[in-house]
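Right, one structure below, let's go through it.
We call the chains A, B, C and D, going by the order they appear; numbering starts again at 1 in every chain.
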Amino acid sequence: MIDFCGIELAHPVINGSGTFDAIAARRVFGEQLVERFPFSAFVSKTITLSPRPGNPAPRLWEAPAGLINSIGLPNKGLSGYLAEDLPQLAQLPVPLITNVMGSTAQEFCELVAACERRPEIAAIELNVSCPNVKTGLDIGSDPRQLEAVTQAVRGQTGKPLIIKLTPNTADVAACAAAAERGGADAVSLINTLRAMALAPGSDRPWLGGRTGGLSGPAIRAVALAQVAAVRGAVALPIIGMGGVQSPAHARDLLRAGADLVAVGTESFRDPAAAARIAAEIY
Amino acid sequence: MIDFCGIELAHPVINGSGTFDAIAARRVFGEQLVERFPFSAFVSKTITLSPRPGNPAPRLWEAPAGLINSIGLPNKGLSGYLAEDLPQLAQLPVPLITNVMGSTAQEFCELVAACERRPEIAAIELNVSCPNVKTGLDIGSDPRQLEAVTQAVRGQTGKPLIIKLTPNTADVAACAAAAERGGADAVSLINTLRAMALAPGSDRPWLGGRTGGLSGPAIRAVALAQVAAVRGAVALPIIGMGGVQSPAHARDLLRAGADLVAVGTESFRDPAAAARIAAEIY
Amino acid sequence: MSFQQAGEHTPAPFCRRLLQVTANEKVGAYRLLWALDRDAPAPLPGQFAMIAAAQGWGAGVDERPFLPRAFSIARRREDGQCAFLIEDVGPGTARLCALSPGEGLWVLGPLGRGFTPAPAGRRTILVGGGIGIAPLMILQDAILGAGAAVGSGTAAGVGVRFGADATPGESASCVALLGFRGREHAHGASLLHEPQVATDDGSVGHRGLVTDLLERHLGDESPAVVRACGPPAMLESVRAICERRDIAAELALEAGMACGYGACYGCAVPRRGGGYLRVCVDGPVVDAAELERVS
Amino acid sequence: MSFQQAGEHTPAPFCRRLLQVTANEKVGAYRLLWALDRDAPAPLPGQFAMIAAAQGWGAGVDERPFLPRAFSIARRREDGQCAFLIEDVGPGTARLCALSPGEGLWVLGPLGRGFTPAPAGRRTILVGGGIGIAPLMILQDAILGAGAAVGSGTAAGVGVRFGADATPGESASCVALLGFRGREHAHGASLLHEPQVATDDGSVGHRGLVTDLLERHLGDESPAVVRACGPPAMLESVRAICERRDIAAELALEAGMACGYGACYGCAVPRRGGGYLRVCVDGPVVDAAELERVS
């Protein structure tokens, strides 16, 4: 058993937000999914205050050893999530981490306050890779903003608070330190790298959302560098992710300083990838 | 013929700094290299004021669809370069761009002033992916510092001045705009992404220099996004690079806003890659 | 006895399986790739699998493929032999088309929602374009097989779940209308029973669109339902025709997919009335009424 | 007539070439991969090539290999057939070991600096460890062939440039000392002429290190030079032995390489007196005196 911010986990492998839909997977794979649930905790996809349909198609582009996605955070909105999804996710045999995103500190507080009231939710992860409406940059890329948001949210919850850092920044260690100062209980990284593809033979972006995020093996070495940098700067538990495909990759992240490891894109290639990785992680 | 900052180039494909040693290649391939020189301009590897031996071995790690290098800028230093290399590079059939790096504005100025005096040098590229001694961050990742350095250097030369931006920043477009304000004639991007690998089965970094830079196909989609972002922010000519392997990749960068394209890692797989790409670029 | 519920699906084992390729047959412009999949549950016609070669997946153009690729289960025998019909259009399909018997194949599935049987007394008109004939092969196998089914839970001789509760001997009628680019592709027609063919260049069958054949068939005969798969323009045309004539149609859609089981939200297509459906879990077979248009 | 200059090299064509694999022979733990390379200039013994499979390069463990790999040219015939001796130690060598005749191979080379002939009147002692025997094969071919050379510019029957100016009939003497892990690897000894073998486990020949054999040979006989290739610990041991006895030695080094032609500065090894040399252009064969130690 692993203790992560006071939550007991059977092994150190969880999922990356937005890369596994346990409700859809249960429909597809039936009760096997629950019986052989691959992750030691389940992270929901990002929830926003209002429902979002997501970005127009196409939403995917296959890159060398990776994937660019521009999904656009489709979700039912906070109340839809709480009413429809949460009861189903509560049936999973593992603790639930709800990932939320706002475009202001105010919105983040509202989301977190609502999660605070639901006992089914074991921990809350903030996705701060959201553009600041004024600057267009990720809120999470500026240590000052990030500290302020974390601090504001911290007041709303006693549950473990995880900040999912953005990798699109000059100094991820400084951002992690800001999250720590703001009162976070843990940080997770890396989210996808800002990337783009053009439609073959044209000068139009391929993705309906124009730009997207790069994930998968292509970013693994960047993830390792960022996790090591963050470990050098903060004492907080770290959830490391980015391109993990095998037990060896997971161990590398743990050795670089992560406490848990998340599997994202590799689950697309094999839904049971995380179980395979967890089984051989030590 | 292409006009790049007043320099005439036969086609839009040049090399990335530090990825082709024309002097060594001439020894290896003989006069064929000169007769069939693949690049329309030759960019030197980065030159510093004092000689540098480079980093301890190992310096390379192969990543999925890419390469991590931690070469450490070995070079003969400014005076060694001017005395020994420049006469040989001047024999190449294309214009010469000299890439320099300092750790202060003062050092940059000294390097650029020396280049200004040599007619063999057609243009000067500043590598600003060098850690600021105080912050540890790349000088080029902070728009204010970058503008100041560019401005200082601008006073030293009438030759075309190219700023090679760092990709390890939250806002590459803001950095490009800072270079433009500082008086740059062009920008080039992307340099390598900060990355790391552990020695198999250990918790020691594999690379002698601990961290390194990721290049090759793995970063192509990041390069495209950054080039498009910079094109949206400045009117300067852009040299685009990152994972170019084929004419299609080069065209993508041109369509995203680049004026020239540089080939780096792909030259390692085939020394004549750039010639192949240039031949079919339109 | 009732047909299975519309939109029902066979649950997939929760793990990709390593199968062996047993044959790779050239059929004109296509390849029919056979693999032995003994342990998998019988698919519904229209369900698909995510597949990848066990070796050599990732060394094609642009260092691709990386992700598995979606393919309709095109044929299935009771012994577990299943076939995929593949057209080489890029690095993934190129690698699959080059597989030899004995090589390994990763397969996840059966996935998605399949076709539903026509209500009693209605003909099924199959409309296929190009590689879109793949799911119609297994659907036709099931419809023709269902007529002789004896309550085994699978259509007789065919390892497919479909209309298995139909009264034994009650023969379902079905016509296949197939459109191809030209002669090379039209060889695919040999994979269906008594098809009617159209080609763009007139080299085989009717010169023109497969929807010309469809209009002709809908013109005068008995009540029918339509089951279609093909390129978007063809499907849109089928959809519009059936909407105009108020004929129930099911369309098997395509979309770029990363996962095939609802995890990535990458396979979105616009749903009538707003929002998106995920082709992998809400489809690939959808009721034409769910779409405003196919694009 | 004089021998070629120390450190001379054959210039390589400025482009990688697509060759065809002509044979892939199993030799114990190794593979001897033959390809036809008609247009390339004859290599010097000790030169290497950067090679990559034309298909399936990039789909191994960790989505590798990506870059080409360095291999000694191990054998070369006058008709342009050349051989690489390969040990499967990772994704690149695994793919190369699996190549079949007819498959394509990208080759860049010959690259680097080769061995130099021994001065007149000196024996050459070849010391090889494991896969390090590869460059000694072609070196021995050249030395033995050189004895019969008739000024053709290449050693007779062997498509190699080496000591070709030696007086015809003047026979060069050469002994090959080879060390292996065990029996499986010791099969490699069959690739050299009259080798003396040591194995770690004593399963073949002397039980112990190849350097034991070297010390024995240096003990009592006529003046010699040493030419060695093998794992770093062995090379360091050879270097130290030769330094102590003041015997000229050339060592063929290895280092991780991205390019093989001096472009990446990745293949650095420390040079005696400070700084680094690039194995690909300053080596792979270096005078032992250039190194403080091999690590």
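Just so it is clear, contacts are C-beta pairs under 8 Å (C-beta built on N, C-alpha and C of every residue); 3 or more make two chains touch, one makes a residue touch a chain.
This one's a predicted model, so the numbers in the text were calculated from it and none came from an experiment.
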Subject >> Chains touching both chain A and chain C >> reply: B, D
Original post:
If you tally the C-beta contacts, which comes out ahead, B-D or A-D?
Top reply: B-D
**OP:** Using mean C-alpha positions as chain centres, tell me how far chain B is from chain D in Å, no decimals.
**Re:** 35
**OP:** Report, in whole Å, the distance between the mean C-alpha point of chain C and the mean C-alpha point of chain D.
**Re:** 56
Original post:
Which whole number of Å gives the spacing of the CA centres of chain A and chain B?
Top reply: 34
**OP:** Would you mind pulling out the distance in Å between where the CA atoms of chain A average out and where those of chain D do?
**Re:** 50
**OP:** Could you tell me which residues belong to chain A and also touch two or more other chains?
**Re:** 63-66, 216-217
Subject >> Numbers and ranges of chain C residues touching at least 2 other chains >> reply: 58, 62-63, 66
Original post:
Does the chain-touch network form a line, ring, star, complete graph or other?
Top reply: complete
**OP:** Quick one: which bits of chain A touch chain C in the complex? Just the residue numbers, please.
**Re:** 18-21, 24-25, 27-30, 32-33, 36, 45, 53-54, 56-60, 62-67, 69, 71, 74, 216-217, 265, 267-272
Original post:
Any idea which chain B residues touch chain A in the complex?
Top reply: 61, 63-66, 68, 135, 137-138, 141-142, 168-171, 193-198, 200, 202-203, 211, 214, 216-222, 224-226, 228, 243, 248, 252, 255-256
**OP:** Over in the complex, which chain A residues touch chain D? Could you list them?
**Re:** 65, 217, 245-246
Original post:
Okay, in this complex, where on chain C does chain B touch?
Top reply: 62-63
**OP:** Please name which positions on chain D make contact with chain B in the complex.
**Re:** 9, 11-16, 52, 58, 62-68, 106, 108, 111, 255-259, 261-270, 274-276, 278, 281
